[in-house]
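By letter and in written order, the chains are A, B and C; residue numbering begins at 1 in each of them.
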Amino acid sequence: MAAVTQPRSAYLTRWFILALLAAYTFYNLGPILWLLVSSFKGRADLFAMPPVWIFDIDTSGYESVFGVGAAAGTASAYGVVDALINSVVVSSIGTVMAVFLGTLAGYVCSRYDFRGKGDFLFFVLSTRMLPPVAVLVFYHLMFARLGLADTRTGLVLVAIFANVGLATWIMKGFFDGVPKEVEQIAQVNGYSRMYAFIRLVVPMVRGGIAATAGFCFIFAWNEFAFASILTTTKAKTLPVKISAASGATGIEWTQIMSAGVVLIIPVLIFFYLIRKHLLMGMTFGVLGRS
Amino acid sequence: MTVTDQSQQPTATKRRSAATDKKKSSGRMMILGFLSPTLLILIFMVAYPIISLIDYSFYNFSALNPHEGYKWAGLDNYTYLLSDKALWQRFIFTGKFVFVCVSLQMIIGIFVGYQLQKKFKGRDVIFTLLMMPMMLSPVVVGFLWRYMLNSEWGVVNYLISSVGLDKVSWLSQTTPALFAAAAADTWMWTPFIILLATAAFRGIPDTIYEAAEVDGASAAYKFFRLTLPMSAPVLFIALILRLIDSFKQYDLFFALTGGGPGSSTETVSFAVAKTAFNYFYTGEASALAVILLFIIIGLSMILVRHLNKMGDKY
Amino acid sequence: MKISTRLLSTTSALAMVLLGTSAQAETELTFVWHAGTCADALVDIAKDYPDKSVKIVPALVPYGPEWHNKIASEFAIQGDGFDFAMWDSQSTAEFAGGGHAVKLNDIFASSDVLSADLFPAASISQYGEYPDNSGDFYGLPMNQDAYGMMYRSDLFEDPAEMAAFKEKYGRELTVPQTYQEAAEVAEFFTRPDEGLYGWGQMGGREYDFATTASNSFLWSFGGELYNPETYEVQGYLNSPASIDGVQAYVDMFKFAPPGSGSWGFDEVNAAFQQGQLAMAMQWFYFNGSNADPSVNKFADGTSFGILPGAVGRDGLFRRQFSVGGQGMGINKYSKKLPELTKFMEWYFQPEQQKRYAAVCQTGLKSVLESDDWQSLNSYNAQFSTALQYLNDYWHLPQYPVLLDQLQEEISNAITGTKTVEEALTDAAKRHERTLERAGYEITRSDSTPEVPDQEITPVGTKEIIKVN
């Protein structure tokens, strides 16, 4: 009996699971596809009902994002390149610093037991609990007093503080996955703890560093709340720049959609390069080795 | 500071020697050296603002009109806020939103992550593509969903009406707006759960499943009795992170509904933003932020304690 | 390690190269404004400023709360992140009241070119005077705007439609002069199965979307927001005439696309451009693009006009609608006031303002009154007529709070969670609480008027004054 029905129900289950996966993929990728299509639509086509699939390709959105073509010289195009540079500088330095600090803190939390470790880890996590809106006024005042208003340095500080907690937790997990015998063997052979950390342990968690950097980069690259208030012209980042996309006829949808496509590309490439590492050992160490 | 070097544990039972004392002090140096930069930056960027927030919350003043002075208000800001029915409504709405978002994201994320742990052709590419919503700039996400959810020309209503259902006015009614915002938040952040869940599932050694199969365990048994409990700590961290983040959500509502209709889709964080930057009631906004912060910290503490217990178990 | 070291050194090298690029030798005058045609026009015109060492730098923000927040947060830290800013007329009270804006009377006194007389008296008062009637100015009418109406003249002139309308309503199909007429015309054109609706208006909770629209109804029916003498809000905001007005506004949603209760300016434009609306309330600001065939599919059949008025419960006719646009204010903490004054002396010359007026609405009297400008397109002449019907909300520093509270209650009335009367009464109570908290003394009168406009700067007339 069981031998007869089981293949049939397994077959049904399999199709049911596939259907659910297909539905999720549609939900996940549909809006991305719609974003891509819409980024090439002029205003008249954007609001056509039913939606049009064949339309004149309108690249004005991309021209506006890069401040070229028809958009060259307009107020909206002003400072696009600067904003791009600001975004690259702030998010890459911020990511590197956050991952660096997170690696150090994560290692110590993984290898040592010390008084207040739990409190430290919780405090580090609490950086994510602070609603940006709650401290924006304060930051703005503080940054102005320190001469950090509208500077990249200020935004880099924000990027570090916003990501170091996440980096510490994830890196601790990766270090937990490295056998403790590594350091023991190094010490038996007369190497210092520091040498073992730099030369042996860190290379073993390269993948983890890449994955952590991926997360931090996403958050730093897309950070909006702080950047919109703390910058005016000089340190404005790309997401802040593109959010100001209103024009003669209302909201510049084409430009916003194009900016979305442009902004996602660097992150997408980064993720594709680190995809193998992402699936290795991302377990925060709670499970031990993976 | 009591330092225990875990790599020394095999020898921990031995008598103390001069050599281990030296190791210990080098360990202390390492802890200090490795933690202090992070600690310093966090004290500067987090502890200091929080202390100032608490200080500000006892005053009645506006950062925009400093000449009106700092009036000592004691607990007035707190009593004013906590006696305001509208605030409780915002907490309820925020709670509903967090509940819908987090449960949807966890269920979908675990399900998809479970399927993706199996190796198949093109998995890496599909995996990377599925991460895209998380990578998209949140500013664009707000606009994109507002565009797609428009009652007249939105593609969502187009799909709904093309299968013969009635169009829904997503953004101008409270409950549809709640689900619309939850759909957008879920769309964006389920990939985060998928990523963590897949990694967690892949961390479970095959030998455990093999042993279960020898005993003739069903697929459901394997999932509920082996996979879920063994990956629970990671899933729990994912849950905490999503809980914290969705509690703070407000820009999605700015973009989709502006908090309307009425103020029915205003989250607590939304109210903080409005009070702080639109009204410029700095004292009151600080008090509201302190209340919000305490709730988030309290919730996280409970969850982290659970997490630690779980860590002890496995 | 190798990876991270290399990454670190590459990034820091890159950073050094990039950080060194932004050297400036010139004077930069930075302005904050929402992005759009008018900001583009300002930047474009400024390129021809004879003094080439001065550069006008835009710091654009989205239309909406970020715009106000950006300016306000810079003022809060007394920073000189920008030198001048275009802010909404009602913000003048907030920023001037906080002592952050430069008093322009001093500039008028010392400048040979700039003076208050360059602008229509009503305009400079709307955009720059604080407190009301004090003669102290903190803003110049940089970009004037008014609520207007656009309609599909191809439908209005269609003989079949005209005949059908006459048969149904017993009068000619004309562009409505009153909201009572507008409701009939809107009802006539509302045909959901054809994808056509009679009326489009904003009802969104964001910023001032619902309020600017509903206020236009409220004032036209004889209502008022408050009594500026006694600071009474109860009895004024929820007076019978005010309720009539907001009720008429809420009722118009019956002839608007379902779901339009959350719309802002962009949605109204989009719907009109797709031919979904026979009439729509919209700012004059957008007329240029709605007359553009590449944007509006029905541009050829689109006409622009002045919003209707209403016959109130006292039998008097009033036509009042919201002022839009922005005044230009100067940041008191700017260190470049002399350079900025020179630029303004050049920029507010008729030559520059004529160029500006080709795409946006100038505040310069000599250009507004010139035949060249009035005959430039179909709506400029109407715009100068419209200026006399403008009204604005509270010129009080507490306006962001009052606005948000009224937005919320109007929104409640639109969705029907409260009746109009309940919503306005709640709004009035909350307004009084806000004012009292801010230290205003509210003087209570024994009775409040049924039609508050009769007491506060009355505008009612016995006859319907026709425009369009």
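Worth pointing out:
Definition applied: a residue touches a chain if its C-beta (ideal position, glycine included) is under 8 Å from a C-beta of that chain, and two chains touch if they have at least 3 such contacts.
Remember, predicted model here, so these are calculated numbers, not experimental data.
Counting C-beta pairs in contact, the chain pair with the highest total is A-B.
Of all chains, the one whose mean C-alpha position sits at the greatest distance from that of chain B is C. With centres taken as mean Cα positions, chain C sits 38 Å from chain A. Note on chain placement: the centre of chain A and the centre of chain B lie 14 Å apart, centres being C-alpha means.
Chain C has its Cα centroid 38 Å from the Cα centroid of chain B.
Contact with two or more other chains is made by residues 63, 152-153, 277 of chain B.
Along chain A, residues 46-49, 136-137, 141, 229, 243, 251 each make contact with two or more other chains. Among the residues of chain C, those in touch with two or more other chains are 69, 73, 76, 270-271, 274. For chain A in complex with chain B, the touching residues are 13, 17, 20-21, 24-25, 27-29, 31-32, 34-35, 38, 46-51, 101-102, 104-105, 107-108, 111-116, 118, 120, 122-139, 141-142, 157-158, 160-161, 164-166, 168-169, 180-181, 183-184, 187, 192-194, 218, 221-222, 224-225, 229, 239, 242-243, 251, 253, 256-257, 259-260, 263-264, 267-268, 271-272, 275-276, 278-284, 286-290.
Across the complex, chain A is touched by residues 1-7, 10, 23, 26-27, 30-31, 33-35, 37-39, 41-42, 45-46, 48-50, 52-53, 56, 63, 108, 111-112, 115, 124, 126-140, 143-145, 147-148, 152-153, 155, 158, 162, 187, 190-191, 195-196, 198-200, 202-204, 219, 230-231, 233-234, 237, 240-241, 244-245, 248, 250-251, 269, 272-273, 276-277, 282, 285-286, 288-289, 292-293, 296-297, 300-301, 304, 307-308, 310-311, 314 of chain B.
On the side of chain A, the complex with chain C involves touching residues 42-44, 46-49, 73-76, 78-79, 82, 85, 88-89, 92-93, 96, 99-100, 103, 136-137, 140-141, 144, 149-150, 152, 198-199, 202-203, 206, 209-210, 228-229, 232-234, 236, 243-252. Remark: chain C residues 1-4, 7-8, 11-12, 14-15, 18-19, 21-22, 30, 32, 34-37, 39-40, 42-44, 47, 57-63, 66, 69-70, 73-74, 76-79, 81-82, 195, 265-266, 269-271, 273-274, 286, 288-290, 292, 294-295, 297 touch chain A in the complex. Of all the residues in chain B, the ones that touch chain C in their complex are 63-67, 150-153, 167, 169-174, 254, 257-264, 274, 277-281.
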